[in-house]
Amino acid sequence: MKPYHTDIGWSSPDSITLFGRSLPDEILGHLSFGDMAFLELTRRVPTPDESRMFNAMLVTLVEHGLTPSTLVARLTYLGAPESLQGAVAAGLSGLGSVFVGSMEGSAKMLSEAMPDPAVTDLDAIAVAIVARFAETKAIVPGIGHPFHKPIDPRTPRLIQIAEETGFNGPYVRLIQLVAAEAGRTRKRDLPCNATGILGALCCEMRLDWRIARGLGVMARAVGLVGHILEESKNPIATDLWLRTEQEATEHFRAPPTPSV
Amino acid sequence: MKPYHTDIGWSSPDSITLFGRSLPDEILGHLSFGDMAFLELTRRVPTPDESRMFNAMLVTLVEHGLTPSTLVARLTYLGAPESLQGAVAAGLSGLGSVFVGSMEGSAKMLSEAMPDPAVTDLDAIAVAIVARFAETKAIVPGIGHPFHKPIDPRTPRLIQIAEETGFNGPYVRLIQLVAAEAGRTRKRDLPCNATGILGALCCEMRLDWRIARGLGVMARAVGLVGHILEESKNPIATDLWLRTEQEATEHFRAPPTPSV
Amino acid sequence: MKPYHTDIGWSSPDSITLFGRSLPDEILGHLSFGDMAFLELTRRVPTPDESRMFNAMLVTLVEHGLTPSTLVARLTYLGAPESLQGAVAAGLSGLGSVFVGSMEGSAKMLSEAMPDPAVTDLDAIAVAIVARFAETKAIVPGIGHPFHKPIDPRTPRLIQIAEETGFNGPYVRLIQLVAAEAGRTRKRDLPCNATGILGALCCEMRLDWRIARGLGVMARAVGLVGHILEESKNPIATDLWLRTEQEATEHFRAPPTPSV
Amino acid sequence: MKPYHTDIGWSSPDSITLFGRSLPDEILGHLSFGDMAFLELTRRVPTPDESRMFNAMLVTLVEHGLTPSTLVARLTYLGAPESLQGAVAAGLSGLGSVFVGSMEGSAKMLSEAMPDPAVTDLDAIAVAIVARFAETKAIVPGIGHPFHKPIDPRTPRLIQIAEETGFNGPYVRLIQLVAAEAGRTRKRDLPCNATGILGALCCEMRLDWRIARGLGVMARAVGLVGHILEESKNPIATDLWLRTEQEATEHFRAPPTPSV
């Protein structure tokens, strides 16, 4: 029988050790919240460049206004205001394949297409990626945006920070080549969006694509608390519910159109 | 019919504005993840001192090893590894009155007992608080610890950072006086624990006690992702389940002790 | 060290025993789903009358159309269609003090006001209950309805089934007296609603008020699956999200009214 | 702009209509909880045979003792006893691809391999199914059991009820042929387990495999409430947490074995 084991941390009456470091002496006051998140994911403290890039990535994911996820948190808070944690949990439950999955998909696509970042023919890889997705008529993750056109305003800024921190490497170039190739073959503007560049940056920072969704989950938890705070002061959930129900009821009760 | 409204943010095709600031130009690369969390809660950017204190508070809450919450996340991941967000959501669902509630309780107790931090007779307030809890035999939140004795190693460090950042004010002194008074009247060591000092720091930073639980939820979401990452590599959930079930089954099947 | 223990059930390679009964031989094909729920809550098989009453109570709670809870499940499914369980979990998370809490509140109010159902002066108890809630200006749970006026159509039917099954006892009469007294003192129609009568029926069936919420949670889980099934065929979640976001954005971008 | 719409139900002040039926007059007292679940999934009332079969299927799924899911609910309740709904939600969150997914997988496998149940050569289909899974070395869903050997005691009983109700059709035979073929080719006993037969019964009842997981979620919600009720009286969660943490801590603190 193997004993339960974790490498994350342990405590004695007068000490707490996390990832091999003393929480009071080496972590508190030394690591920011974002750096602590980096430590959780990589088990090491980030360099200043890594810290700047990683914090910018997380910050990008915190807040997107009235998304399905924030509506869920607000509607849940309406029914159980005593359980803030339940409202955040409900809001996180929808961060699956459709929304946050896009960053994950981008990171997966790029890392699988180019396991070794030292290759040189990025153009050929981009062409192969787009062709592969075209075969199954699948959407290429991380490119195009229904609203932010012709460019997603977060993309150039994230690239700029990547340049400043030394993470503007082959994966960042590859996602842009993929976007250009997809635009060319599908004959419409499909620029690299924020999730595309974030997926590439996960690869640049050597974060496994399987953990990409975790970044989104961490960051959205922060944003959801902000939405619940606003909901507690300027609520919209009751209106959202009653207007929806009323509209459906009116529609329901309308006499069916005669088919003749 | 009032239109839906949020003050958090809005987007145009080429801009994203959050809390009155341009996300690409004024937030990304300028605010750390912890500062973004501060912005969500207070709608303003923290000062350097506020940033340091607030980040230390969040970091304190990220990781506590194999807690009920992290076991929940790991056991949930075992059944639905395709849904990392579901495992985090499940883990957060238990951050209620018992665990994270202690920080909330400390902040509530202190802010209600001393709405105006300019009062001078902190000793009298501490005595009154302890007497009030004694009446109903309720546990005073934020003092004592079953394991970290005689002092919680996080407390002196958080006080030190509070001193360095100017947040070592009347609420921090009050929770210590409450701890001392409780120890005196109950005749045992009941030092101020981490949740006690964190509750006091919420008051010092003018964060409403109703949002204290939100800090815990944000921070634990980060820690839970770390645990799921470890679980994906060195799992304990299957053992935890099977050993528990087997032990209960053995116990169940034991012939009842004859009562004669 | 006490071994883990459950009285719910245990298995051997060729048998499964639940609540002391063989699952294959004494439960499957013998107990309906509702009776199995009764067995979970009371550890015994219901009598035919108990079965009829309890099933009617659960059925009352299954479906309420487009409630906050069903909107939550639909919006969650939009983001994570691969995780039906996550959508149901999110929908359940809001069944707290505000909605399902009303049945719980009714059961608690009635059982605490009348621990012994053999008392005779129900009128005096009803007056005392209403007076006690009036003191703190609290809402009396289980009476009045914003939409179903002047009577909640479920109430007379549940009372009828209670008569047929022998559960039309003192708690059912008490909630009606409470409703009448509240209507008299507050000078408006406040008839007993479905949650009021359900709370009373919990008392009649000797179900602890602490488990009343559990009935709602069980029943809504069934209804939420139905909503997700409809959402998968005739979705409304995308419209709900985009119309809400668009309306908020338009409102946001409107130039502020000059204050002069 | 299309108005929000649901076919599930609507209300007027004096009526509630669900799936075209009056809730007070045609549902309450007429449909059991299990039949109401059938109505939610199929929009029609079951025949007596359908009712008997469907209720037995749901009952099979309610309770499995100390599973990961019930441990999750109990550990969540420990932290937030005020939020029973949160504990159930957490417990449901893990009903993903690994556990409940097995019934879903069986239903999917059988319905895809045999869209038309009128075919005659079931043996050939069974051989093809097993060969297809062997190609990718994937586990055939619904066969074999780590503990219930040589047969799962639920399987013969479910088949017996299927015979009595007329649902012992080609899909039930097919899953048994698949089990026999898999046992033959893999040279070990791999009898049809409960999830295998349940998947086949979903096909027999014309329930889409996409809703199979929904049956599991509905049923487990009932079982989880039962576990939380037991936990509130005879708790195991604190021991589960502390014993796990202590064991991990002891292991952590052991000096590393010298490598020489």
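Note that the chains are named A, B, C and D in the order they appear, and that numbering of residues resets to 1 at the start of each chain.
One rule holds in what follows: a residue touches a chain if its C-beta (ideal position, glycine included) is under 8 Å from a C-beta of that chain, and two chains touch if they have at least 3 such contacts.
Bear in mind the structure is a predicted one, so any value in this text is a computation, not a measurement.
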item: Shared chain contacts [chain B and chain D, defined touch]; value: A, C
item: Pair sharing more residue contacts (C-beta pairs) when A-C is set against A-B; value: A-B
item: Chain separated most widely from chain B, comparing mean CA positions; value: D
item: Self-contact between copies chain C and chain D, residue sets same or different by half; value: same
item: Chain centre separation (chain A, chain D; CA means) in Å; value: 31
item: Between chain B and chain A, distance of the C-alpha-averaged centres to the nearest whole Å; value: 24
item: Centre-to-centre distance between chain C and chain A (centres being mean Cα positions), rounded to whole Å; value: 36
item: Chain D, residues touching no fewer than two other chains; value: 4-6, 10-11, 65-66, 80, 82-83, 85-86, 89-90, 93-96, 100, 236, 240, 244, 248-249
item: Chain C contact footprint on chain B (complex, rising order); value: 3-6, 10-12, 80, 82-83, 85-86, 89-90, 93, 244, 247-253
item: For the chain B and chain A complex, residues of the former touching the latter; value: 1-2, 4-11, 13-16, 18, 23-25, 27-29, 31-34, 36-37, 40-41, 52, 55-56, 58-60, 62-63, 65-66, 83-86, 88-90, 92-96, 100, 147-149, 151, 153-154, 156-158, 160-161, 164, 210-211, 213-214, 217-219, 221-223, 225-230, 232, 234, 236, 239-240, 243
item: Interface residues, chain C side, partner chain A - complex; value: 65-69, 71-72, 75-83, 86-87, 89-91, 93-100, 236-237, 240-241, 244-245, 248-249
